[in-house]
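Would you mind keeping the following structure in view while I ask a few things?
Labels run A, B, C and D following the written order; every chain starts at residue 1.
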Amino acid sequence: MKRELPLFICALMGITMIIQYFIPHPYSIKFYQTVIGWFIIIMTFAFVLGIMSIARVHWNKVSRKQKDWFYSLVALISLSVTLFVGFAFGIERGKPFMLIFEYIQVPMESTMFSLLAFYIASAAFRTFRARTFEATLLLIAAVIVMLGRVPIGYMISSKIPAISGWILDIPNLAAKRGIMIGVGLGSISMGLKIILGVERSWLGTIGGE
Amino acid sequence: MEMVWITISALLTLAIFSFLYKDNPIYKFAEHLLVGASAGYYFVIYFFNSVKPNLIDEVVKNHHLIPLIPGFLGFLILFRLSRKYGWLSRWSIAFYIGTGMGIYIPVAMQANIIEQLRGTMVETGKVGEPPLFNISSFSLLFSDFNWHNLILAINGPILIIGVLCTLAYFFFSKPHKGALGKFAKVGITFLMVGFGASFGYTVMARVSLLIGRMDFLVNTWFRQLFGL
Amino acid sequence: MRLIWSLVFILMVLTVGSALCTDETPSPPATIVVSDKGSDDGSKLRVEWSPSPDEKSTNPVLRVERYRIMRREIGGQFEEVEEVFVGEGMEKGKYVYIDSNLQLGKRYIYRVYSVSEKDVVSKGYAGGSGVPVANLFNVERLNVLIFIVAFAGLFIYFYRRAKGGVELYVRPIAGLSAVDEAIGRATEMGKPILYISGLSTVDDISTIAAITILGRVARRVAEHETKLIVPNYDPVVMLVEQEVVKQAYLEAGHPDAYSDDIVFYITTRQFSYVAAVDGIMVREKPAANFFMGYYFAESLILAETGAATGAIQIAGTDAVTQLPFFITACDYTLIGEELYAASAYLSKDPLQLGTLKAQDYMKLAIAVIMGIGIITATFGLNWFQRLFVAR
Amino acid sequence: MKNLLDKFLKMDRRYIFFLVALGVIIPLIVPIGLPVDITKPVKDVYDAIDSLPEGSYVIISLDYDPATIPELDPMAYAILRHCFRKNLKVITMTLLPAGPGVAEMATKTCAKLENKKYGEDYVFLGYKVGVSAVILGIGEDIRIPFPQDYYGTSIDDLPMMKGYKNYDDTEIVITISGTNVPASWVAYAHQRYHVNVASGVTAVMAADFYPYLQTGQMVGLIGGLKGAAEYEKLVGVPGKAFVGMDAQSIIHSLIIILIIIGNIAYFIVRKSKKEGVG
């Protein structure tokens, strides 16, 4: 019951969903949509545990007065305030919940995203060194494509945008396609292993029994 | 009032930027504020957009009983809190994973394998388009030898070689020596050029994001606040 | 299968308006066939008609420029469905139009008119009717089925063979030999190990691969009694990983060292999650960072912050768009399929390694098919490419 | 010297961060206006509009949604302002369901900037379902797909639209999109009704539309932020694209210079180390 039933459920659902893919009948499509809908409902309870997890981690820090406990308190307050205003006043535009989202969450998240501009520069400086043949190719391709995107590239040579386009369209596409095929095979093989019960580590079984 | 909110946004934006200098109390404060708010946000949104219409309204208002099945499966997850019955949560996880794998396998077979196969036979992957290995473009090249025609003729073959050699790189069960080793080496060449190109291509989009944030700080906030 | 449904075809040939030239309207299509489209949920009909003889007329009043498709239900009015221009959507010399969003089991009546360049509509029309039917097998996906069966066959064959005790060679994968080195270094320095299993859900296979690798890593970490930190983006992934890590500690003989504080949830918002993980990196200063699974734009933020703290970084992802960033900012990167191979490799389970062989043979088959496809395409044999169209 | 280079190679990343920040902030505060070379496809669009007599009708279809705003808004603004400055009669619309909000914003903002009056100088028709159906419908009579404007006013009640029927009264159609919609405009509006079509698209999509230029199916093409910057320069309204392009050029150049100097330093250090050993 503890291991066999989950393995059976997993195999049954896996094979059922593979078969479903080949049946275009409306009942089959309805079934698919229903199952997808179920995912959402099952997830909900996991989110409850998720929220409990984050609350627990921070609560432990606060109650044990560990280093940086004050910040954990900030997280706890921010979490409970958001949950409270969301459930108490609703989530329509203009409500406190959405104000928190628009003026606190979104600006910080998009700023976090924009840090990439800095990191892409530092990563390029730090690692784009012609140490080996492969590294040289990487850096030359990167430089040409970068030049191809801004007017300066065109000013250096009118050919650069065309070369950059060619690199993106031909060698880049070939590499991507090779990776995709490999990923397809690797992931399908992984999926089969799970469905057939060869790989059971997700059940908490690690070594090959 | 709006200016107050904008000022809060701007200060929090600066707080996140301060991380670039080094980790500091202001960043720590902003980070924890953000994590708490976003975890709460996601849960609330998830509840109102998914659970309420799909489970609660269905059962309470429409008296549909089928959503109770996933409701039950989901409830089993909560047994994780019990030391003794924790294993019950595996049933729902098994359902989730099994279904996910079953949905994924045929889709991956189609999108990652079959589509890519066709795309490597003809241009743009559409049936009836010119072949990737195009004899007529070669004959054009021989009758009128110039750069443009050369590129036109060899594009297809280069793409084919690139795909095959990249595949060779992913061979696991044979040592990369001899012919396979040479193919794999060419494959690595294509991978590196591809990675470099993708890297270079992304810079622009990332800089745009930063411009957006700076524009907010300079024009939306600073200039308005001081009426410049 | 298809033949049975083909019997449902309703063929009506009506040649009204036997276009006398004196009519001064273009002649309509000669024949029309309305049939079930097949391989669908019963919402589509296939309307097929032959070109009007006036397509090549020299008189612009008569020269057909497009065809107008009209449709009605029993007891309804005719309504225009679509206009098809001359030469558009032809198959084997006939025009084919797939009419969609129809109701299952209902009869639909069609008329196709010719319209000339001067917008003169033919007096006559070609008419027919049909009933859409729901099908039980999607013939257009037969190729996918064959590929799955072939691959599963290879998979099972090599699995059996490995069970029979045949030793298989697996080439070294650069990032994997570094795993032990990284764990060792962390132990020496007395610093923790950070493991991130991507920003996707548990129904994504790369996440599963990341979870299995975590299992192997956690076991070694537990043996060395090193601290492990596993912050999560998705709560279901967190639940699975808690079990995996707990079991790893149990197997390593240190069940007491496990607590649910090792594997915890942060938030399911991309950049909020990244902000928190960045914080962990700079404060806990892990000696090794693992980034396995599926990633989005955040990959470089994580990897660069990690590099700045001086950690050994091992990444593995099948997210093609993020590979360049891991390649540049991490010490080792498992590229695409290597991520999946890694989980088999680290298990040291001969059965799992056997399945790698199946993947290789499939790759070989793909290369051969590709070769045949390239040659047939070069000689204009389109039927071969058509075998690889799936809808 | 060697030590200096070694230090440079191991430079604190924060110096780079500082340079990147400057590279973005400076152009925002003082637009530099780095030379933007004008390419022919963009100039062609400009000329096509610039040569129109006052009072000509143009249709501007803003077929993009919020996701592509950063790239497409600047060119939409530049084109709209150009048309308004030339006193053309502008009809705006969108063929994307998520488009009306974005399209209305662009139309209204530009009209306000150029002091134009709704109903007399411009109209906004909003969104209607069906790409080809709408495009073909306008070919017969604009009142077929759009009996009313976005705000529910009958077309015939708008002073500007009196005397406007279909493409025969239209000098040019400009479609701005990150999707394949411009192809539909070419296929239906240009092929069938022979109206001039020009297009503004994202940098990624631009390659797909170049063939239309060669065949003359499009009079011109504006691609990506760079194209928008060119257009802003032609019209003389330096906007977001112009500033953005300055910052982009600076950062791209900065990264490339860092890579080049980094490599030179790396080779000098490596060489001297080798000599040291030998």
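By definition in this document, a contact is a pair of C-beta atoms (placed from the backbone, for glycine too) under 8 Å apart; a residue touches a chain by one contact, two chains touch by 3 or more.
Since the structure is predicted, the reported quantities are computational estimates derived from the model, not experimental observations.
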Original post:
Out of B-D and A-D, which chain pair has the most contact pairs?
Top reply: A-D
Subject >> From subunit A, the most remote chain by mean C-alpha position >> reply: D
Original post:
By C-alpha centroid distance to the whole-protein centroid, which chain wins?
Top reply: B
Original post:
How many angstrom lie between the CA centroids of subunit B and subunit D, rounded to a whole number?
Top reply: 26
Original post:
subunit C to subunit D: how many Å between their CA centres?
Top reply: 32
**OP:** Could you put a whole-Å number on the gap between the CA centroids of subunit A and subunit C?
**Re:** 17
Subject >> Residues of subunit B touching at least two other chains >> reply: 16, 19-20, 28, 30-31, 34-35, 37-39, 41-42, 77, 80, 90, 93, 96-97, 99, 101, 103-106, 108-109, 113, 117, 120, 160, 163-164, 167, 170, 191, 194-196, 198-199, 202-204, 207, 210, 212
Subject >> In subunit A, residues with contacts to at least two other chains >> reply: 18, 21-22, 39, 43, 46-47, 49-51, 54, 68, 105, 108-110, 112-113, 115-118, 120, 122, 124, 126, 128, 138-139, 142-143, 146, 149-150, 169, 176, 179-183, 185, 187-188, 191-192, 194, 202-203
Original post:
Which parts of subunit C, given as residue numbers and ranges, touch two or more other chains?
Top reply: 141, 144, 148, 151, 202-203, 205, 208, 236, 239-240, 243, 265-269, 272, 275, 283, 323, 325, 327-328, 335-337, 341, 356, 359, 363, 366
**OP:** Show which residues of subunit A lie in contact with subunit B when the two form their complex.
**Re:** 1-3, 5-7, 9-18, 20-22, 32, 34-35, 37-51, 54, 68, 71-72, 74-83, 86-87, 91, 97, 99-118, 120, 124, 134-135, 137-146, 148-150, 164, 166-185, 187-188, 191-192, 194-195, 202-203
Subject >> Residue numbers on subunit D that touch subunit A, as the complex places them >> reply: 11, 13, 16-17, 19-21, 24, 34-37, 203, 207, 226, 229, 245, 248-249, 251-256, 258-259, 262-263, 266-267
**OP:** Can you check the complex and tell me which residues of subunit A touch subunit D?
**Re:** 117-118, 120-122, 124-126, 128-131, 139, 142-143, 146-147, 149-152, 154-155, 165, 169
**OP:** Over in the complex, which subunit C residues touch subunit B? Could you list them?
**Re:** 141, 143-144, 147-148, 151, 168-171, 173, 201-205, 208, 236, 239-240, 242-243, 265-269, 272, 275-276, 278-279, 282-283, 321, 323-325, 327-328, 335-338, 341, 356-357, 359-360, 363, 366-367, 369-370, 373-378, 380, 382, 384-386, 388-390
Original post:
So in the complex, which bits of subunit A are touching subunit C?
Top reply: 18, 21-26, 28-29, 39, 43, 46-47, 49-51, 53-54, 56-57, 60, 68, 105, 108-110, 112-113, 115-116, 119-120, 122-124, 126-128, 138, 176, 179-183, 185-194, 198-199, 201-208
